[in-house]
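Each of the two complexes below includes chain A, the first together with chain B, the second together with chain C.
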Partner chain A sequence: MNQSKKLGVQYLTASIVMMGALLLFGLLASIFYLKYGFLLGKLDFNIVKQVHINALIIACLWGFMGAIYWFLPDELGIETVGIGLARLLFWVFVAAVAVVVVVFIFVQYGSSDESGMWLVNQGRKYVEAPRWAAVGIVAVFLTLAYNIFASVAKARKVTGIMGVLMTTMIPLIAVYLIAFPAPTNMSVDLYWWWWLVHMWVEATWELMIGCILALALMKLLGTSRKVVEIWLYLEVALVLGTGILGLGHHYFWIGTPQYWLSIGGIFSALEPLPLLGMVVHAIYDAGKHQMKTHNKPAFLWLIAEAFGNFIGAGIWGFMMTLPQINLYSHGTQWTVSHGHFAFYGAYITGIIAVAYMVAQESRGIREVQGNAWKWAFAGLNIGMVGMVGALLVSGMSEAFIGRALGGSTLDGFMASQSNSWFMQGMIARTGFGVIIVASYFILAWDLLTLGRRSEKLSPALATT
Partner chain B sequence: MPESTAVVFEPGAGDPRFWRDGAIATTAFMLLVLLLLTVDSLRVLTEGGGGNVPAYTVINQKITYEFDAASNMDKPVIGGEELLFGHRYSEAEAKAIMDKGKLVIQSRSCINCHAFFGNGAYYAPDLTKAWLDPTWEKMWMPMTQAKTREDAMVQFLMHPDRYPTWARQMPNLNLSEEEARAVTAYLKWISSVQTNGFPAGFGRREVAR
Partner chain C sequence: MNATWLLPTAILLGIYVLCAGCYGLVYALGRLRESRKVTRTAYGFYAMQGLTTLLLVALTPLAWGWKLFLVACFLVYAAIPPITWRQLERTHALEHES
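Showing the complex of A and B:
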């Protein structure tokens, strides 16, 4: 196996491991809603939740990088340029993440000056990592971009997919840098912070996963390059055509001019279109190739991605993207419901699909077999749908009671939190969380032992 | 022999470059519009720029949040002088205390329980209008035996563990008095930002617990 593919396996393995941390800390965070004074003063909710969402960002980034390093040599026909540096940086990256997590959990709070920002915690959602680590992440991104650009140059081959992938490297780095200065004025701070959060998850990452799944689709189903590329360009046009100004759905209430209510509302309401397009594409391709594949789990996770992305990001996002509704739903468990469904549906599912493809190819398995993957697939999807359903119930009651009736005061908020509809949703959320965690362990075990179990000796393989 | 469905699902059936150029043109246009809107938005967002965000010295004044029938939304109203901690902050002093307050908020990871303008976490109440919350006068001032709202806030922020009143409790984040004052000033300023009516009906509604 060449170096780039080895690195791909490493990053994907790290991503799956990080998903474990994501889920365990999520489950832990959910208990705070059920038990008064849980871990108070020892490991507070904010720290647990912070580890939870940072694990999510890292798991996604590692998953994307793993997939890119894995597919790059196939697409370009050469070993990736500068792979030695990239392999070194992998270990630096892993070590840095470990240090950050230890600091979060054991140091918890820094001093309220620049040194606290550099060494302990920047205290801004999703980008809490201290500045030294953020600088490291930029170095990793730059190396990734260099690997891709230099390899394309050396191979003298710019495929359509590579063209789009190269383009995504620009916003990946640019909006990360833009969000850094963190000015004192919270309105300005949030203005730029949303460039990072929205432009990453609703534009840059959508296109990155689009490229990754396009490559996966060609391999998995043998879809023709021309068809895949036309779809990809269409996706780029629609995702960016709606998503760039769709940014406005985060500019309703932070002090921004009123015209954002209409601009954000209209453009973000169109954001589900490209996601619907991908569902159509997936179903069409699956039908055309009569779903013949030697890797059923990868194929089904790919389909789960198409639907999860459309429903979790598209429908759940649309539900509260119009300002008339967002005025009340904004910043409640309703938001959390969409956040979970979207990240899971759009990214986690896609990464799992690629992980199955990589496990198959790297271990020379002809036909993926066994039943474990079925349990993991069913458990994770049922658990996740149940969880976001529960969160939706809690979120709606919170919006009605805390916001609409209570006017968002401290009293109104607390009234909403002790309401029985709200509490039942929270209990159900933790219950489904347990199902998700259990299914995750089956998934991790299956990926780890695939092709290393007795099935390897099955007749199908014996002949190869 | 192309079937009709193939035409629908394989757009253009011809040259991918047509679609590529379309994607580039769409993106470029949208980015241009976003840049123009950003220039205008930053003007409105700059503190003391005459837009929606008052200067930091607004902490020397009285702030209320009232329903404005003309625009059909709740809006902050800046009134006459109402000093904070009995002190009239100069422009430089106000800037310094805001810088500090923001760093305290970041260093203690407040937004991973609370939210500002609805952004953050939802485990604890949104703090956008916390300064204006009726509870300070109704409950916290008597409880902390403070004479002013700001003193009650400082007391609470320094020792939240002493006042376990609600369904959830805030941990003690070891704020010094200086840090607690800075956060209080920050909360007063942020309550003056005009937010297109969010949160709606704040302080005008009451719900039974």
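Showing the complex of A and C:
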């Protein structure tokens, strides 16, 4: 195995481990809603939530990077250029994340000046990492971009997939720079902050996972490059066509002009259209290949990606994206429900699919067998559907009682929080959270032990 | 929007996209199995989306601009599964030729 593929395995392993932290802190965060005063003054809800959502970002980024470093040598036919620096930065990145988590948990708050932002916390959701760590993240991305661009230049081969991936790297890095300035006007701050969050999650990340899944489909199902690239270009057009101005649905209530209500509503309502095409495509692929593959878990996780994306981002998003509804649903558990389902459907499922492919190839397994992956697949999907369903019930109760009836007053908020519908949803959420965490451990165990329980390739096949 | 219609409108919007998803899913299954019965079921889901659109237009307090937008999207949804399927067959035919 070459150095780039080894680095891919390391990043994907780190991503799966980080998913564990993501889930454990998510489960811990859910307990705050059931037991008032839980860990009060020791590890407050905001700190637990902060670790939970930052773990999500890092797990996704490590998953994408792992997949890119894994597929790059196959795509270009050469070892990745500058891989030594990338391998060094992997350990720096892992160490930096560990330090940031320790600071988040044990230091928690910094002073309200520049030193607090440089050393402890920048204070904005999803990009709380202190500035020194944010500088490190930029360095890692620049190295990844260098690895990709220099390898393409050396191989003298610009495939369609690599073209999209290289184009994606530019906005990926550029919008992250928004994490650095700290405007004092909250509307201005949120205006640009949403550029970073939305353009990552609903534009550049979509293209990255699109490229990764295109490479995965070629390997897993033997789909031709021509077909994969045509659909990738189509996805680029549709995702960017609806996704970029879909940014407007985050601008509804932050002090921006009223025209954003129409722009945001219309373009985000168009977002399910390309996702419906993905559902049809998934059925086509599953049917034409008659579910015959040597890596069924990877294949099923890819199918789950198409459906999860449609349901989580499409159905759940459309319920609350029109401004008239969003006025009440914004910032309730309803939003939380949509966010969990969309992230899981669009990204986590895709990363797990690639992790199974990498485990199979790196260990020379002819066919992925066993029952553990089935339990993990069923448990994670049932747990996720149950959890977002429970959150939806709680969120609708909050929007109806606290906002629509209570007029968004403190009394309305308190009434919504103590309402039995809200509480039952929260209890069910924690219950389904336990199922998800248990299923995650089965998944991690399965990925870790995969080669030991499956038939190995003959040495001749393993080296091809 | 008023309190009474907040949740019914949101749920109808969710059902609107759910029906579109079922239409696409069942349509693809019908084409895959070359079964007219299944394809007809798909059109049944599309009809349900139409009924949901009608309810959204007739009953909910959404502004008229949004109601027209929902009707326009409903019409666009009709074309997505057949066009996607046709394109999939065309591109995969190219794959076999090459």
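Rule of thumb we're sticking to: the second predicted complex is superposed on the first by the 451 of 464 C-alpha atoms of A that agree within 3 Å, B and C clash if a C-alpha of one lies under 4 Å from a C-alpha of the other, contacts with A are read in each partner's own complex, and residues count from 1 in each chain.
Rule of thumb we're sticking to: a residue touches a chain if its C-beta (ideal position, glycine included) is under 8 Å from a C-beta of that chain, and two chains touch if they have at least 3 such contacts.
Just so we're clear, the structure is a prediction, and the values are computed from it rather than from any experiment.
Colleague: Counting only touches as set out at the top, which of chain B and chain C does A:Thr409 meet: first, second, both, neither?
Modeller: First partner only.
Colleague: Between chain B and chain C, whom does A:Ile47 touch in the aligned arrangement: first, second, both, or neither?
Modeller: Touch partner of A:Ile47: chain B, not chain C.
Colleague: I'd like to know which partner A:Tyr284 touches here: chain B for first, chain C for second, both or neither.
Modeller: both
Colleague: State whether A:Phe343 touches chain B only (first), chain C only (second), both chains, or neither.
Modeller: It touches nothing on chain B or chain C.
Colleague: Given the superposition on chain A, which partner contacts more residues in chain A: chain B or chain C?
Modeller: Looking at chain A, the partner in contact with more of its residues is B.
Colleague: Give one of first, second, both or neither to describe whether A:Ile230 is in contact with chain B, with chain C, with both, or with none.
Modeller: both
Colleague: Tell me which partner A:Tyr11 touches in the superposition: chain B (first), chain C (second), both or neither.
Modeller: Neither partner.
Colleague: Looking at the overlay, what does A:Val188 touch: chain B (first), chain C (second), both, or neither?
Modeller: first
Colleague: For A:Leu327, is the partner it touches chain B (first), chain C (second), both, or none of the two (neither)?
Modeller: A:Leu327 sits against chain B and chain C alike.
Colleague: Contacts for A:Leu270 in the overlay, against chain B (first) and chain C (second): which applies, first, second, both or neither?
Modeller: In the superposition, A:Leu270 touches chain C alone.
Colleague: Overlap the chain B and chain C contact sets on chain A and report the shared residues.
Modeller: In the superposed arrangement, which is not itself an observed complex, chain A uses residues 226-227, 230, 280-281, 284, 327-328, 404-405 for both chain B and chain C.
Colleague: Any idea which chain A residues touch chain C in the complex?
Modeller: Contact set of chain A toward chain C: 223-224, 226-227, 230-231, 262, 265-266, 269-270, 272-273, 276-277, 279-281, 283-284, 287-288, 310-311, 314-316, 318-320, 322, 324-325, 327-329, 396, 399-400, 404-405.
Colleague: Quick one: in the complex, what on chain B touches chain A?
Modeller: Going by the criterion above, the answer is residues 9-12, 16, 19-20, 22-23, 26-27, 30-31, 33-34, 37-38, 40-42, 44-47, 51-53, 95, 98-100, 102-113, 115-126, 129-130, 133-135, 161, 166-169, 171-174, 179, 182, 190, 193-209.
Colleague: Considering the complex alone, what residue numbers of chain C touch chain A?
Modeller: Its residues touching chain A are 1-3, 6-7, 9-11, 13-14, 16-18, 20-21, 24-25, 27-29, 32-33, 61-63, 65-66, 69, 73, 76-77, 80-81, 84-85, 88, 91-92, 94-95, 98.
Colleague: Given the complex with chain B, which residues does chain A contribute to the contact?
Modeller: 32-33, 36-37, 40-41, 44-47, 49-50, 109-114, 116-117, 120-125, 128, 160, 163, 182, 184-191, 226-227, 229-230, 233-234, 236-237, 240-241, 244-245, 247, 250-261, 263, 280-281, 284, 327-328, 330-333, 335-336, 398, 401-415, 417-418
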